[in-house]
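Every chain is named by a letter (A, B, C and D) in the order it is written, and numbering of its residues begins at 1.
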Amino acid sequence: MRRVKLGIIGVGEIGTVHATNIVRDVPGAELTAVADLRVEKARECARSLGVTKFYARTEELLADRDVEAVLICTTPESHAQILIAAAAAGKNIFCEKPLGLEPVEAEKALARVEAAGVLLQVGFNRRFDASFKRIKEHIDAGKLGTPHSVHIISRDPEPPGKEYYLLSGGILLDMTIHDFDMARHLIGDEVVEVYVAGSTLIAPWLAEHGDADTLAVILKFSRGAVGIISNSCKAVFGYDQRVEVFGERGMVSATNPLPDTTIIVNGEGHRTPPLFHFFTERYRASYAEELRSFVDSVANGTKPVVTGRDGLIGIQIATAARTSLRTGSPVRL
Amino acid sequence: MRRVKLGIIGVGEIGTVHATNIVRDVPGAELTAVADLRVEKARECARSLGVTKFYARTEELLADRDVEAVLICTTPESHAQILIAAAAAGKNIFCEKPLGLEPVEAEKALARVEAAGVLLQVGFNRRFDASFKRIKEHIDAGKLGTPHSVHIISRDPEPPGKEYYLLSGGILLDMTIHDFDMARHLIGDEVVEVYVAGSTLIAPWLAEHGDADTLAVILKFSRGAVGIISNSCKAVFGYDQRVEVFGERGMVSATNPLPDTTIIVNGEGHRTPPLFHFFTERYRASYAEELRSFVDSVANGTKPVVTGRDGLIGIQIATAARTSLRTGSPVRL
Amino acid sequence: MRRVKLGIIGVGEIGTVHATNIVRDVPGAELTAVADLRVEKARECARSLGVTKFYARTEELLADRDVEAVLICTTPESHAQILIAAAAAGKNIFCEKPLGLEPVEAEKALARVEAAGVLLQVGFNRRFDASFKRIKEHIDAGKLGTPHSVHIISRDPEPPGKEYYLLSGGILLDMTIHDFDMARHLIGDEVVEVYVAGSTLIAPWLAEHGDADTLAVILKFSRGAVGIISNSCKAVFGYDQRVEVFGERGMVSATNPLPDTTIIVNGEGHRTPPLFHFFTERYRASYAEELRSFVDSVANGTKPVVTGRDGLIGIQIATAARTSLRTGSPVRL
Amino acid sequence: MRRVKLGIIGVGEIGTVHATNIVRDVPGAELTAVADLRVEKARECARSLGVTKFYARTEELLADRDVEAVLICTTPESHAQILIAAAAAGKNIFCEKPLGLEPVEAEKALARVEAAGVLLQVGFNRRFDASFKRIKEHIDAGKLGTPHSVHIISRDPEPPGKEYYLLSGGILLDMTIHDFDMARHLIGDEVVEVYVAGSTLIAPWLAEHGDADTLAVILKFSRGAVGIISNSCKAVFGYDQRVEVFGERGMVSATNPLPDTTIIVNGEGHRTPPLFHFFTERYRASYAEELRSFVDSVANGTKPVVTGRDGLIGIQIATAARTSLRTGSPVRL
């Protein structure tokens, strides 16, 4: 079996997750090169995983003829620009969310990607989570009938650091965008209106940026279903990620996986273990699965499961949501 | 122990639940008389429970000197008027929700109740559910820290019949009012704004009344917490009633009780039993508990756990919610 | 509907449970008289439940012509003798387990009951538990196929007091007898051999009586299924009562019901409530159900769900089990 | 970090599991060579994992100076002999259970291993399962107090094939040995007596070998605790592996992990997914963990977590259990 040759641009937290997964859990690929402006990071990542080539500059990696496809894992504000450069270099692309900080920027990048005829998959990894996949299959098989509502609870264990926050595009674009994508993925319909209520109960400094740490979102879908998203930037009990879809013939949901199945029973009751702390543990398997899917698409020339358009729509909803949060009124898309 | 003498006005479904509970599960009370415009209903209820007095007319029961306290269990549109008559007769009052169909009507009735100096408890029975009580105790004990959000899922097994619907004040006043009350009860704060999105995916005729069968509600509380309510008029799997409160120090939730604890395991997975079908089964114990609490208040002259003001606020939120559903914009209270 | 007139002999803990249930939850019966050697107990029970007749002596109650059926709720060592007297008086009989302290004694009593042609139901209340009933129905409907094994975990919250213990016939006859009955009820076959291992890890004084507080039992059934019972006299977390039946087509089990459905989540994990403390809470509904079943049998002349033979077989297995515990070898029945 | 060089003898099902784990999930080791009498198997395994050396004969691999430690993954009847050869070759050894088919054989091999001064770990992989490890930690931390009983349910999805069975030493040595080890590991005490009841309800041909497919086992421990094991060779719902330890201060248990966390709700109830089918899926992580532990021991010269003595005791209990099954009487160790 031919192995697809991958290069990673940006080996921070998520880039390192992908690098490790490629080496261990993506049999159809090999990691050919990594790049990071912090060249020591690139060198260390390459060394620890037995990768021979590492670069400081994105351009160098894009110029490497051995690299067939790149993973864009830099900070969000640089995504659109690197997308354009990677498309120009003729590389197939896996890009972390969001594609850009504003719809216009993302649209422009997508146009270049399409013009270049390269393949693009966007990093909505949660679609590849085993439980959420089974929910989707259940719905697609018609077992739920018409979906009437989707509920997503999505809570981080800690608010973002300020430095990261300022590059991220805000909570709705960085965190809630996953939930927007999951909602439309599961309902199988497009959002026509979004309303957001929010407060700063955890990180008051977010208020200075017109942002919130505690969010409640209602989505209206074109065929009448409703979506509800509840976010918090700080769940002291760990990374809380649950989905429930209700419909004509019943309900299907997925709760948090736990690190083990123990139950401790004493006079205070029954106790099961704490949640996983954050995404690298909770979604570990989904990250490997999304790359296997990407590598399959590259190898076989098939359409990626998560398209550039999915990435763009996520940004559009997040942008409308930000307007709703700031104005206090629902916003049409 | 002295037993408080009760009379019930209206022995339809809920009146009969109360009548039976008084006889079986409220040791501090006795059922002295029942009244119903459909006098055959009153006679049958009295006969089956060994109650000697029954009346066709509310006035007759109110004139009965043996009756110390009355339960108003008629259809919603008559509540305010009977409240006024019962207060005038000097009876202590337990009144089913809602107190009236509009805030003004309810306010007027409450003023008369206060002027008469009689005691009034409103029928938000869910506050007496064992699980929801434990959630409240957990929060009141400070174990959750500051509450940040409350999520309520509340689904009926079937939409209301048209005839009942037209007397009920609509879905938000009849059904969601319980959730509005639970949300403010658990958060321990007042709602300042409400937003509702709704669709008619189940009972299209509701659209003619500006109403919906699938509802998503966001409540903003004065101290920044948010409330989320999800309603459906038709869950094919039974009466679905769940609550989750998230806060500074963790989370506390209550799910649906099941009729038994069996698990059937085969090649298709693990299966637990279906939910209870509707409120008379699912909330059976809470109805008895609310009457024991009412009877205690009457016997001891203490303030009821659910006050007339709680009843009024529920109507105010429901009325604002109806406006939001119809206009598509959030409404301040 | 005619109401069956009941008398209770012995109003200690279990007699009082039955008395209260008859008054509140057995519509087809009325409690006509109670008797207890401690006449003050009888008087108090009668007074609190509005029963007019009470007696100090069993003979008086048996001579009362108003009483159609009696409940024998005295201490175990007196059961056989009262059974004979009640049969002689022509009363239908509900008798708490065990029917006697030895098989011979019980056989003699049963012979008299049969000769008198009165109806007898034995107090294996757990057969009437909603969950265990559903397990039985599942098996009887053939959904499990041939049963291969049954596992019963049955733990008390506290060891018996010495005084009660000396009248009870020992742990195997008093406590494990319920599990023996449940095992043969669910497997639908008879036990041919029993092996018991036991220790005194909780109440060392039991060793003086050749008894144990920690027991592991294996039952062999005539058609090859095996039964496993695990007992403890002291579970610090409450009354632990679970059943699992495994067979050709899968498994069906029932776990402990909990007082409410709350889940408390924090950094230490997820916590559900403690178990019910003991049988009066955990099996409350089953006691009422067994009496409704008994009253139906009396009213309609139908065969009781739990027969005298079931009661006898329980004693036979318990007696063989005691021999196995003492000799260390399996014992054939 | 130095990587420990491993060779695998026997690349059937379990050998292949280990080979794959070494390459992917044991960073401290590398797979240097594989051997299998079926040389095509060895070649294919080596090729697919990028291993350069493969052998048909065990002796060749043992003579390979690059190999520091070997994994013995052949059929059970050959273990003792290969242990002796590997010890003679001075290799550190990881040996799959059982060490031999009879205690005498295993003792002899152990003596040679000790004399050679090489390190030996036995393949009781379940000790490395995340849930069972947490149970052990809970007990070792004293949170359970004195353990009173341990319950193990262990069911395979299918009975063994006859060919494999004849080389395996029988159900008790091949399957139940894991449960014997787990019971003494968790109780922290030694078994002094074993009693086994068994039937052939699934695979009648097992009766010809004095064996059974449905087993119930009681273990007596030296300090009074009891152990209960329930085995079946065919659970139609998958690989069922549960443990519960009960003690002075409560209980700790572990149930089966599920492939995902979905719950499907409809009128028939709530359904969670089926179990994993067999050990390669259910215990996948534990196999990698046991090898990381072995490699740590080799690299640091520390005592293995599972010793040769543990392996021997497992065989001793299994042998006594076989006698009990055949004679119908408990057997002292």
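Please note the rule applied: a residue touches a chain if its C-beta (ideal position, glycine included) is under 8 Å from a C-beta of that chain, and two chains touch if they have at least 3 such contacts.
These numbers come from a predicted model, not from an experiment.
Student: What chain lies farthest away from chain D once each centre is taken as the mean of the Cα atoms?
Tutor: Taking each chain's C-alpha mean as its centre, the farthest from chain D is B.
Student: Assuming a repeat means more than half of the contact pairs shared by residue number, which candidate in C-D, B-D or A-B repeats A-C?
Tutor: Checking each pair in C-D, B-D or A-B, only one repeats A-C, namely B-D.
Student: With centres defined as the mean C-alpha position, give me the chain B-chain C separation in Å.
Tutor: Chain centroid spacing, chain B to chain C, equals 40 Å.
Student: Could you grab the centroid distance between chain B and chain D? Build each centroid from C-alpha atoms only and quote it in angstrom.
Tutor: 58
Student: If you look at chain A, which of its residues touch at least two other chains?
Tutor: 236-237, 249-251, 265-267, 273
Student: Can you check the complex and tell me which residues of chain C touch chain A?
Tutor: Spelled out, the residues of chain C in touch with chain A are 236-238, 265-274.
Student: Show me the residue ranges of chain D that touch chain C in the complex, using the header's touch definition.
Tutor: 146, 148-149, 151, 153, 155, 193, 195, 197-202, 214-216, 218, 220, 224-228, 230, 232, 235-237, 240, 246, 248-251, 328-330
Student: In the complex, go through chain D and note every residue touching chain A.
Tutor: 24-25, 130-131, 134-135, 138, 143, 249-257, 259-267, 273
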